[in-house]
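Starting off with a structure, shown below.
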Amino acid sequence: MTEITYRDALHDALEEALSKDERVFIMGEDVADYGGTYAVTKGLYEKFGRHRVRNTPLSESGFVGLGIGAALGGLKPIVEVMTVNFSLLALDQIVNTAATFLHMSGGQFNVPVVIRMATGAGRQLAAQHSHSLECWFAHVPGLRVVAPATVTDARWMLATALDDPDPVVMFEHATLYPTTGDLDDSGPVDIDTARVLRSGSDVTIIGWGGTVHKALSAAGELQHQGVEAEVIDLRSLRPIDDATIMASVSQTNRVVVVDEGWRSGGLSAELAARITEAAFYHLDAPVARVCSREVPIPYAKHLEDAALPQVDEVVAAAREVLGG
Amino acid sequence: MTEITYRDALHDALEEALSKDERVFIMGEDVADYGGTYAVTKGLYEKFGRHRVRNTPLSESGFVGLGIGAALGGLKPIVEVMTVNFSLLALDQIVNTAATFLHMSGGQFNVPVVIRMATGAGRQLAAQHSHSLECWFAHVPGLRVVAPATVTDARWMLATALDDPDPVVMFEHATLYPTTGDLDDSGPVDIDTARVLRSGSDVTIIGWGGTVHKALSAAGELQHQGVEAEVIDLRSLRPIDDATIMASVSQTNRVVVVDEGWRSGGLSAELAARITEAAFYHLDAPVARVCSREVPIPYAKHLEDAALPQVDEVVAAAREVLGG
Amino acid sequence: MRLPPPDVSRTLLGDMIRIRVMEERCAELYQQTKIRGFLHLAVGEEAIATGVIHQLDPDDAVVGTYREHGHALLKGVTANAIMAEMFGKAEGCSGGRGGSMHLFDAATRFYGGNAIVGGHLPLAAGLGFADKMLGRSRATVCFFGEGAMAEGEFHETMNLVSLWDVPVLFCCENNLYAMGTSLETSEAETNLAVKAAGYGLPAWTVDGMDVVAVYDAAARALATVRAGEPVFLEFRTYRFRAHSMFDPDLYRSREEIEEWKTRDPILTFGERLQREEVLDEAGIARLWDRAGEEMDEAVAFAEAGTLEPVDNLERHVYRREVA
Amino acid sequence: MRLPPPDVSRTLLGDMIRIRVMEERCAELYQQTKIRGFLHLAVGEEAIATGVIHQLDPDDAVVGTYREHGHALLKGVTANAIMAEMFGKAEGCSGGRGGSMHLFDAATRFYGGNAIVGGHLPLAAGLGFADKMLGRSRATVCFFGEGAMAEGEFHETMNLVSLWDVPVLFCCENNLYAMGTSLETSEAETNLAVKAAGYGLPAWTVDGMDVVAVYDAAARALATVRAGEPVFLEFRTYRFRAHSMFDPDLYRSREEIEEWKTRDPILTFGERLQREEVLDEAGIARLWDRAGEEMDEAVAFAEAGTLEPVDNLERHVYRREVA
């Protein structure tokens, strides 16, 4: 175990990918000499050159689509869309081309592209720069959607995603980049399963990306209060690993989902719905959802904090499903 | 009560809107002399002229954004995006501008635009032309989302939407245009509430847009089998009218949601989640969801039929929540 | 322009006829409800697909729109597979999942059948980009209507391919209308070659009703593409039929349509081949007959095709299925 | 170019100084963590906002980017309201909900503060379109960086405004970089006025470091806009500071930056006003002092501002709340 930042873990994964396979290239806004807005690609341009670490113009639809075509043409593109906020400009390419091509062609054309993007709020960037729209992508058959929350996943998910024959969208919560964690360097990880990060028998708390750490903090706090919370890092948002979730719920019978997306129609709803479908007769309380408040995220710190799910709310929700 | 097609009901609503208020104009691809892909705007160009019934180039992001700006500038634009499939190109404008402007500006700038689009599958148009993405829009604070399912709503929702100070997205299921129904011509309707279309005490079936009629057919079938189903037309997808839904559920204690969207992360999940939250201790069974199968919609009729929610599945789901 | 060698000329005419016969047959089959969904025919526009694709090698790629039957056929997808696809049969080139708008074929590098206007331009750029990066000199050809040029995707793609020297041949099939919207009401700059040249790539206009002009232009353009640069060609053409089977076609005058029909590429080229004594009337009739037979067989093949079992519905959503 | 009348010239200089002082103050306040989020400064680019906005009437509209502090100030939003906004206070021009990137003010028709690159161009077109339809002759001015010109929204908007004669003045602030990406690596056509002219609207390039050149060009352009036509102006400029407070600014050479600093619009215009005896050194010093006082007051106002009660979080999501 070595301590490493989430940013460096991603960087190392990208460097390894570029080293291992000539067909891999990185493309995005300011990924080259600038080193990426979040400094994730720093040094890669110098090492691999301008053909393989490529700055794009501001043309999200164009270069995401070009990446999809390049994947069809035999390359292994890693397309960086700076943030999910700008991915709205590229959604047609992702949904109408990347996700449909295999099916429309009767199984002939798969699209092995990896699309990375930062997501989430928490840095006072206001309404146009604070989206958490993972749920939209997770709704679309044909896409795989992953959210590395730990440095280990940041380090190892990429290689698996690149090996995958289908389009993989990878969400990196923007507040995670500077954080550190212990790297498990035993190598590649799968991109299909959820992982129990902390065991507990009283209540299951499910998070992904940026909310995993809030879930863990809440579990720590709950322990002080005598409650043993199990924390699940969802990891894969599509497909959802029902087996891991249901195994936990069958022990705890109580669930809290922590989702930085807005509540109505968010991924928290899907989790609540499928858990209830599978475990209706075991659940001691309805699945609780701790989500963002339904407002465009405001700039002022106190308002932004109030808009986002916070640890104390997770604790309160857990206590509530435990019967107050 | 007069019988009228859904198409004509919309047409009459548009004609009335143009007649009543000089600030209203219609803009979209082939809405003018062509009369609209679905012939909804037929004759309006001839009557109101090319300034008020305007053909746009193929530029969804551009003209939807122009509509948003025009609303800010004092007009009352009705923007027709031919289908939801192409709205992906305009999502940035809708989500990052229309939905955020009021909040970002601290309440100064509201955006009274109406955006109409056809949605849904069922006509063998295959993977790129069969989306049902209402759930995406219904996820976004700042938008109102409505889905007229009846000729009465097709006739009257528009005026209310136009009077609304906020952006309203209106989904018209493409299979409804040629269908007929009895028009209640008592005038304007609200765009906030759900409506009970058929009363019944055994099970609540909730649909919207294209699935309302499947829900009603299922209820008819269930009646033959001795089951009294209550059918709710959701009408407003954002906000969701909890009061009407919960009033019904508190009688029936059993719910089936019929959603043409894909199951994972669809609006059906939100309905299931919030009903379960509110009525957990009353529900006799988990909320059942009858949705589209998780595939890009295929062309071949038998495969498309199999992919979409069908009446017999609704009947079966109702029987299942009733205990088989 | 000089005629290509006689055998080539005969094939060009024959292939235009094959497209025409296939599409007229499709129209009938649509009336008979054998074909469903959207059906967009390119009757009148056959010279473009024919002239361009005859300059391609088997490992060159073609990316088309929803009006792509002819392109698929000439790229080498069999009429059988195309017809079966439109019938929604498992034997179709997309397994019956695509239909008329989504013909695909990996063996001949035919990348659709794409139905979001402008959405396939970035894809074509990506295919060309992959060839460039991998040091392959094969070409990618992207067909699209003039309506696509108003979309942001056109702008972004042209800028990218020009900046990065991506070897793609962009073929604009300018039939003057996007559904019912005429070019002059949708483009501030109606000279589309000028518009494209603004991105710094070679671009010129070609008579899309003259298969020889198309054939020559494509050769010239592809030489540049194979040398590693993008090219844009505007083909002026006209569709003799409505936009799709749902279109009442009320926005064009009878005169305009009749006027263009005098320039029917099959008619005019047939006349020329007779004039220049490459083919006689009987030879031309034979081409029609042979195309008729090919399409008869295709329809029979499609009729005899099977339906994909419903149990297989969820196949081909992912190549790697998760247990 | 001839100087404007002395009073105008003095105001132009004074207003550039006001922007400069405000923004330098913002940089300090950012270091002190009084201002948070993204902060993009336009130091070096002040001549553009100043020259253009001084040609506007109160009921003309301005639509800006996230680098819009100066534009807001000159359009008439008070320094107090701007500073309070950046402090996240309820007294801010957006009630503290917008921050640096989202300054808004209905009273002065200042439509943001928009942070999706290129996303506000259609909006500006819509404002102009509304004026046209309602028979009003007021102008809409849209500012954006050269990076926005690669986006599809630029393309779609230019085509629409040209086709429909929408009266908007598009002001491209070409500071040669989009974050770390230089113009020549992002645009196939680096002559941006040529690029814009391709859409069929009047377009020309202006020295964005010379406030008089800007002022004159804006007058000429606005005459056309008020007569009902769109115009595009490219202003060549440079930002003396990094893209944002997060940018280490390693992609530009020291020499390049120093070279451009010799063309500082405040410096050069100040020198000219002295040379032409419109202002003496003391007069210029007074402008700096006065701006300093204005900004001192603004900071004090912001400091003294209040926080929007958290209970009001969900306000302003809809103007019409549903019970």
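Read from first to last, the chains carry the letters A, B, C and D; within each, the first residue is number 1.
Note that a contact is a pair of C-beta atoms (placed from the backbone, for glycine too) under 8 Å apart; a residue touches a chain by one contact, two chains touch by 3 or more.
Every value quoted in this text rests on a predicted model; they were computed, and no experiment measured them.
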Which of A-C and A-D has more C-beta pairs touching across its chains: A-C
Maximum centroid distance from subunit C, chain identifier (CA atoms): D
Chain centre separation in whole Å, for subunit C relative to subunit A (CA means): 40
For subunit A paired with subunit B, centre-to-centre distance based on mean C-alpha positions, whole Å: 30
Euclidean distance of C-alpha centroids - subunit B vs subunit C, Å: 36
Subunit B: positions in contact with at least two other chains: 56-57, 59, 61-62, 85-86, 89, 92, 96, 103-104, 126-128, 141-142, 294-296, 298
Shared interface positions of subunit C, touching two or more other chains: 94, 96-98, 102, 114, 116, 119, 150-153, 155-156, 159, 163, 185-187, 317
Complex interface listing, subunit A residues touching subunit B: 61, 85-86, 88-89, 91-92, 95-96, 99-100, 103-104, 126-128, 131, 135-136, 138-142, 238, 240, 261-262, 264-270, 272-274, 276-277, 280, 283, 285-287, 289, 294-296, 298
Residue ranges of subunit B in contact with subunit C within the complex: 29-30, 33-34, 37, 55-62, 85-86, 89, 123-129, 293-296, 298-303, 306-307
Subunit D-touching residues of subunit B, taken from the complex the two chains share: 23, 25, 51, 56-57, 59, 61-75, 77, 92-93, 96-97, 101-110, 141-142, 144, 164-166, 192, 239
Subunit C to subunit D touching residues, read off their complex: 150-156, 158-159, 162-163, 185-189, 194-195, 198-201
Footprint of subunit B on subunit C - complex, ascending: 36-38, 88-89, 94, 96-99, 101-102, 114-119, 147-148, 150-152, 178-181, 185-187, 246, 250-251, 307-308, 310, 313-314, 317
